[in-house]
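Before anything else, here is the set of structures, which you'll find just below.
Here chain A shows up in two complexes: once beside chain B, once beside chain C.
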Partner chain A sequence: MAIQTPNGFNLDTSGKRVVVDPLTRIEGHMRCEVNIGPDNIIHNAVSTGTMWRGLEVILKGRDPRDAWAFTQRICGVCTGTHALTSVRAVEDALDIKIPENANSIRNIMQLSLQIHDHLVHFYHLHALDWVNPVNALKADPKATSELQQKVSPKHPKSSPGYFRDVQNRLKRFVESGQLGPFKNGYWDNPAYLLPPEADLMATTHYLEALDFQSQIMKTRVIFGGKDPHPNWIVGGVPCAINVDGVGAVGAINMERLNFVSDVINQTTEFVENVYIPDIIAIGNLYKGWLYGGGLSGKSVLAYGDIPENANDYSAANLLLPQGAVINGNLKEVHPVDLRDPEQIQEFVPHSWYRYPDEKVGLHPWDGITVPHYELGPNAKGTKTNIIELDENAKYSWIKAPRWRGHAMEVGPLARYVVGYASGHKEITEQINATLAALNVPIDALFSTLGRTAARALEAQRCCHLQRHFMDKLIARIKAGDSSTANVERWDPETWPKEAKGVGFSEAPRGALAHWIKIKDTKIDNYQCVVPTTWNGSPRDNEGNIGAFEASLMDTKVERPEEPVEILRTIHSFDPCLACSTHVMSEDGRELARVKVR
Partner chain B sequence: MTETFYEVLRRQGISRRSFLKFCSLTAASLGLGPEFVSTMANALETKPRTPVLWLHGLECTCCSEAFIRSAHPLASDVILSMISLDYDDTIMAAAGHQAEAIVDEIIEKYAGNYILACEGNPPLNEDGMYCIIGGKPYLDQLKKAASNCKAIISWGSCASWGCVQAARPNPTQAVPIHKVIYDKPIIKVPGCPPIPEVMTAIITYIATFEKLPELDRQGRPKMFYSQRIHDKCYRRPHFDAGQFVEQWDDESARKGYCLYKMGCKGPTTYNACSTTRWYGGTSFPIQSGHGCIGCSEDGFWDNGSFYNRLTNINQFGVEANADEIGLATAGVVGAAVAAHAAVSAVKRARTKGGNE
Partner chain C sequence: MEERPQVLVLGIGNLLWADEGFGVRAVEALHRGFVFPEHVTLMDGGTQGIYLIEHVRNADVLVVLDAIDYGLAPGTLKVIEQDEVPKFLGAKKMSLHQTGFQEVLAMADMLGDLPQHLCLIGVQPVELDDFGGSLRDVVKRQIGPAGELVLEYLARFGVNPHRLLHPLPDTATLSSPEFALALYEGERPSESEACRIGDPRVLASAAAPSATEDP
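Right after this comes the complex of A and B.
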């Protein structure tokens, strides 16, 4: 049975149903089902969020100044981005202006997250979809050394002896029969295309990146005290600055600033000498595999982030771009307004929630979340032992958010497409240089590989932005400004009786926003629409499929029983399922919080 | 052949001489005679790595993220050389039924000899279907994996206590591991997340000494959780002297005074943050200017705002407020220091006399 979706995909549910559950190497839990035809091509895709925690209802009645700590625990991978979004929402509601230094420090912390998350995502969650560590055993260390020196002449770890040592370590590991994380991988699947030398080089960098990555987050340990889950405050940052006198050892002083600066340098070096060259090298060997574009060439959304100047969240002041592109028209970038009830709406006809009228979508200010777990009539199995889902009914713990009715992709590629379409100079240059290096046309950007490459390019750009804000911080301290917090409205007695606000950021995996309502100094309502709610969205009432689902369509799989291609494309979004949380009531039934606009 | 513990040490630059010394010290500390040194050395040189199944329930993955940030040992050494991390859905190559097959294989092949590491917790509402693995409730997977394990490590506050999803009103009825598994030793390593170096220390302790760490009555390793953050806080002298931060970014904040009045929960929180610190000693929350929020304590989400002052600290006496305490302790500490100096002087004199 073939159907065309309004967003332009031809679904055909005949053919073999293949289930991947758990879909590993992501944050949280998800399931994926596809129909694969006799041509070994995916003709139908169904993605399901398989966890739900209900954090937003837990927030109700709490102190808004505490909300960052709760929402930060939505995700420990994109740790901090929810906290930042939360303090922004509270500051928006209470009209609190933060000092410039606090803006610079927050930006440095948020950029560390972008870089760390992108790097760890590529090497530790995604690389094994492209790189075969078992095949690395066949490599000639000398040839690997030559390859390394060719793709990244500045990287110091490139001698034949170095690669021989790593290979021997790998060899002992494999021969032990205890394969650990590599156990039951798909190592003889023909979808792996790299020659052994590239596999050895990339596997070596898997280990180098694992050993290096914690360095990146030291900026957050210095400014926020720990990581994951550093500390933040409404009104600024908790770390005071003091570079003079006897008290300087009690605060951010010259030693701490040097520490951060050094970390930024090391991070930039690693990204530019290891991550970027690997992406180009691996991209070059996979550039014939351009599946997975999905919605990226049609509809993408970015809220923007990294304000140049404090307290100005307008598109012109944001260094990560803001805007929406729809229907594949790169000539027009639409402005995005998170307060407009007509723009962002969530639908639930295919989600395990219930609305009084499921034909309509609701803006987060008016959101209702009544959980309602049930399987459709054509599902196979039982309620607690799902064999196959029925996507014509409810089938996911994720709601279906839409921007003006469109299913949208968010994330690094969405940000880069918006940046490119807006004529953003730096982003355009990065994209053009990469396309030239790989000798591929612009269409190649709209693919799994494009998503993976955009993430790396963004990591590089974030390194430079980090240096920018570090310089800015030093310049202001030099000019005599050490202020890091605005406490005028710290005391709840200074707050209005009722207030509401919106905070947004770009999480590593895409556009994120929190909507808060405060009443009598307590949280009256809290709603989050997170990146994986956009990307992992199920179908909506019009039958539009979501970004994960769209990206799998028409992909050829080598061996239907081994999901390498499905993993490769879903991973390219860096899914974060713990984020896809929504509200319910205490007793688990009555929850309808009808809100006044 | 597998890379053994000995080989790992060798690769990290430890000589055979040091290795044997390590073995004899370990043997002595375990109450074993010198004749056991060679046995121990032999065991560490040849034994295969302990399989670990690392399951994820309702959680945020901050524990895994913390674990990979350990400065010593590096996570790569733990994963590749000290244990065999056979199942961990966050990093494993396999997916779907190939992943699930690993759980079945390990519980069979290594019955009684593998460690179950739990990150996150099971929800009980909706028949457990708020967390689905392989089409079934996570609770099923947890119970299966626990059935044959040697011991369970409950990573973080989710597995140990319930943490944020179990905060009021706990919509999914999420419960810690010990509420659903009763018949296995459980080591709780609370914290949101735990300190990276504490996580790897627990693993290496078990691999090195071949025993489980000594636990307190609540099931936490005594070596890291027996003292309050306040007990070893480097800002403690400011507390004792009555020097407090009164507002964010005030003069006292810039001098690094005590954060008690800003709501610091260090006085009631058992953890190693003020001693071990984070990322190889880089910093910890109080050092970076924010009070401790008590993230390793049971139910810390439901103890009022993170910025409310603690009012139930014993050493403060009854219902005294911090301003009074500040004044009082400044006086008392002054007297105590004088008394302490006097006693020390007497002790020194006695010792001297004894020696001569």
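Right after this comes the complex of A and C.
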């Protein structure tokens, strides 16, 4: 019995139910349930956040200037982005203007995090959904060397001896039984399509990226003063500039600026000579697998980020694009206003919260977070051990945010679709060049692979933007401007009795915003809508399904008991997970359960 | 072993989840009470997982402080060394970071840079599922003893830090002054303002591990 959702998906709940739980930890656990028909195709998908986060409520009554430090601890992955978004929200509420240098430094830090996260996401959290490290043991190192030189002639590490060494190292790991991060893969699943040489090349880059990635972070350490958990401050950045200083503790001098500049160059090289060529090479071998598009070809949302000039958050001033595309109409990009109570609203009829009237959505400024945990009449199991959810009732700790009533996808692909639809020159050129290299039409962009490719293209563009802001920063410093913070309104006595503000950014995994209300110098209400809230959203009043759910629809699963296709697509969103796609139980076994009913 | 091995004392855990903050609080206490030689680094690792790998790779001696579910009486301290460490770092069900850290060690090993000496000093937590909460008293009382265990272990490597007669104040944090214990606990909104419970399934699975396994 099939029903069609208003956003255009045909749901059929006959067929066997497959449960994958948990898919991720950190910012809450995630679980999904799908119905797979006799044709091995997914005809219904249900995604749920199974842990309540509730950051909002622990900030009540605290000093707004401290909020960044708390939001930075929500999750282990987007720390800096939460901190940035939080200080922006407070600055917006209190009308605090930051200096140009602070804007450049924040942009460089945010871009650094973006690139770092994209690289680590691809190689260490997602690549193994496409790449088979066990199959890499069968590769011929000489053929691998030839492949490497073909896909990226500029990459210096390409000799047969080098690949033989890596292969031996892998062999030792596999033979010792300690597959480590490679444990628990479905390594003989027919969904893996790469020849052994491509597997060895990509697995080698897994190790190279692991070795290189910590270099990227050094930029944030220099500007943020410490690692981990760099410092942030309302009004600017907490680092002094003393360009003539020699080895001064804390102050940014020429030596440190040159260091950051070197890091940017090395990062650009790695992204252009390793990451991008790998995406093209792997994409070429998987381009027949174009599942997972979900909402990306229909409704996408980007708040935008990286202001060219300080304190101007209008779309025209943002170098990462802002806008909304709905109903697949790429000819029109709608403006987005995070203050408008009619645009972003959160609904809870399918979420474990209670509103006085659940037919309406609430704008985050008026958001309320009252938990109400109950299973629907058709759920199986108990509250403490759910066997099967009832998606017709409340079924998730994630609220359902909507933009003018539409379920939206956010993230790198959403940003690139908005950029493409806006006619953004650089983004359009990148997309067209990639489509040409793979010899696929534009529709191929709306897929799991498109999401993964957009992330790589964005990493490359972020490298170039980092260079732009580094040059800008150095030019201003040389011209005598060493200002990095505006503390005119640091003293709460200068604040109005009541104020409200919104701060937004593009986290690596998508649009992020914090809405704050300040009363008598303390936080009165604080609401975060994080990217995984958009993408992991449950159904709404109208029955529209969320982005994860939509992305799983109509996917063919080769072996339902080894749903590598589900993991592949969900992972392509870079959901807020720890540094692991695996969750171990006490005896080291994989805890992620797969159940077929 | 080099003459002066690089030592990393790493507190891990999430400050926002009650006893999950033990590792970070314990390393903070060492920072306030002692002056360590330069080859010893004290670090608030938070839940940074893979982003800590560089620090792990640079260490010859790694001491991890954390809240660990050993299945012992709440507040019990337990020291684990060498090969046993990764196993225990994967033991906890509630943790928001631990599986990550087990993997970090495996990744460091793959790169050929696993620290030669590994030590895990863990406390059995009382309560993890109290978002915005602080350490429970019985766990808080183990901060001092856990620090002594760190010093005992480091003495093997010739590390003898200078004990300060007057420890630095609560606000001298490694994390950030916003997380000074008195401030963190003092500004907490009341329970009537801010619901503190979590997902009952998390509580249940912490109490009965079999609930999360296949029948």
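Quick note on the criterion: the second predicted complex is superposed on the first by the 563 of 597 C-alpha atoms of A that agree within 3 Å, B and C clash if a C-alpha of one lies under 4 Å from a C-alpha of the other, contacts with A are read in each partner's own complex, and residues count from 1 in each chain.
Keep this in mind: a contact is a pair of C-beta atoms (placed from the backbone, for glycine too) under 8 Å apart; a residue touches a chain by one contact, two chains touch by 3 or more.
The shown structure was predicted, so the numbers you read here are calculated from the model rather than taken from an experiment.
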I'd like to know which partner A:A240 touches here: chain B for first, chain C for second, both or neither. first
Under the stated touch criterion, which partner chain does A:H229 make contact with: chain B (first), chain C (second), both, or neither? both
In this superposition, which partner touches a larger number of chain A residues, chain B or chain C? B
Just checking: does A:E175 make contact with chain B only, chain C only, both, or neither of them? Give me first, second, both or neither. first
Once chain A of both complexes is superposed, is A:P563 in touch with chain B (first), chain C (second), both, or neither? first
After superposition on the shared chain, which partner residues are touched by A:V370: those of chain B (first), chain C (second), both, or neither? second
In the overlay, answer first, second, both or neither for which of chain B and chain C A:T384 touches. both
Touching partner for A:D305 - first (chain B), second (chain C), both, neither: neither
Touch test for A:E458: chain B only (first), chain C only (second), both, or neither? neither
Applying the touch criterion given at the start, work out whether A:V221 contacts chain B, chain C, both or neither, answering first, second, both or neither. first
Would you please give the residues of chain A that touch chain B in one complex and also touch chain C in the other complex? 25-26, 50-55, 57-58, 62-63, 66, 69-70, 73-77, 79, 120, 124, 169, 173, 178, 180-181, 207, 210-211, 213-214, 217, 228-229, 231, 371, 373, 383-386, 397, 578, 584-586, 588
For the complex, give me every residue of chain C touching chain A. 14-16, 43-54, 87, 90-91, 93, 96-97, 99-100, 102-104, 106-107, 109-112, 131-132, 175-176, 178-179, 183, 187-189, 193-195, 197-205, 209, 211-214
Within the complex, which stretch of chain A touches chain C? 25-26, 50-55, 57-63, 66, 69-70, 73-77, 79, 120, 124, 169, 173, 178, 180-181, 207, 210-211, 213-214, 217, 228-229, 231, 369-371, 373, 383-386, 397, 578-580, 582-586, 588, 591, 593, 595
In the complex formed with chain B, which residues of chain A make contact? 19-29, 31, 50-55, 57-58, 62-63, 65-66, 69-70, 73-77, 79, 120, 124-125, 128, 169, 172-173, 175-186, 207, 210-211, 213-214, 217-218, 221-233, 235-242, 246-247, 249-251, 259, 371, 373, 381, 383-387, 397, 482-485, 487, 490, 562-563, 567, 578, 584-586, 588
The chain B residues in contact with chain A across the complex are 1-3, 7, 11, 48-49, 51, 56, 58-66, 68-71, 74-76, 79-80, 83-86, 88-96, 98-102, 123, 125-138, 163-165, 167-172, 174, 192-193, 195-196, 247-249, 251, 253-257, 273, 278-279, 282-290, 293, 295, 301, 305-307
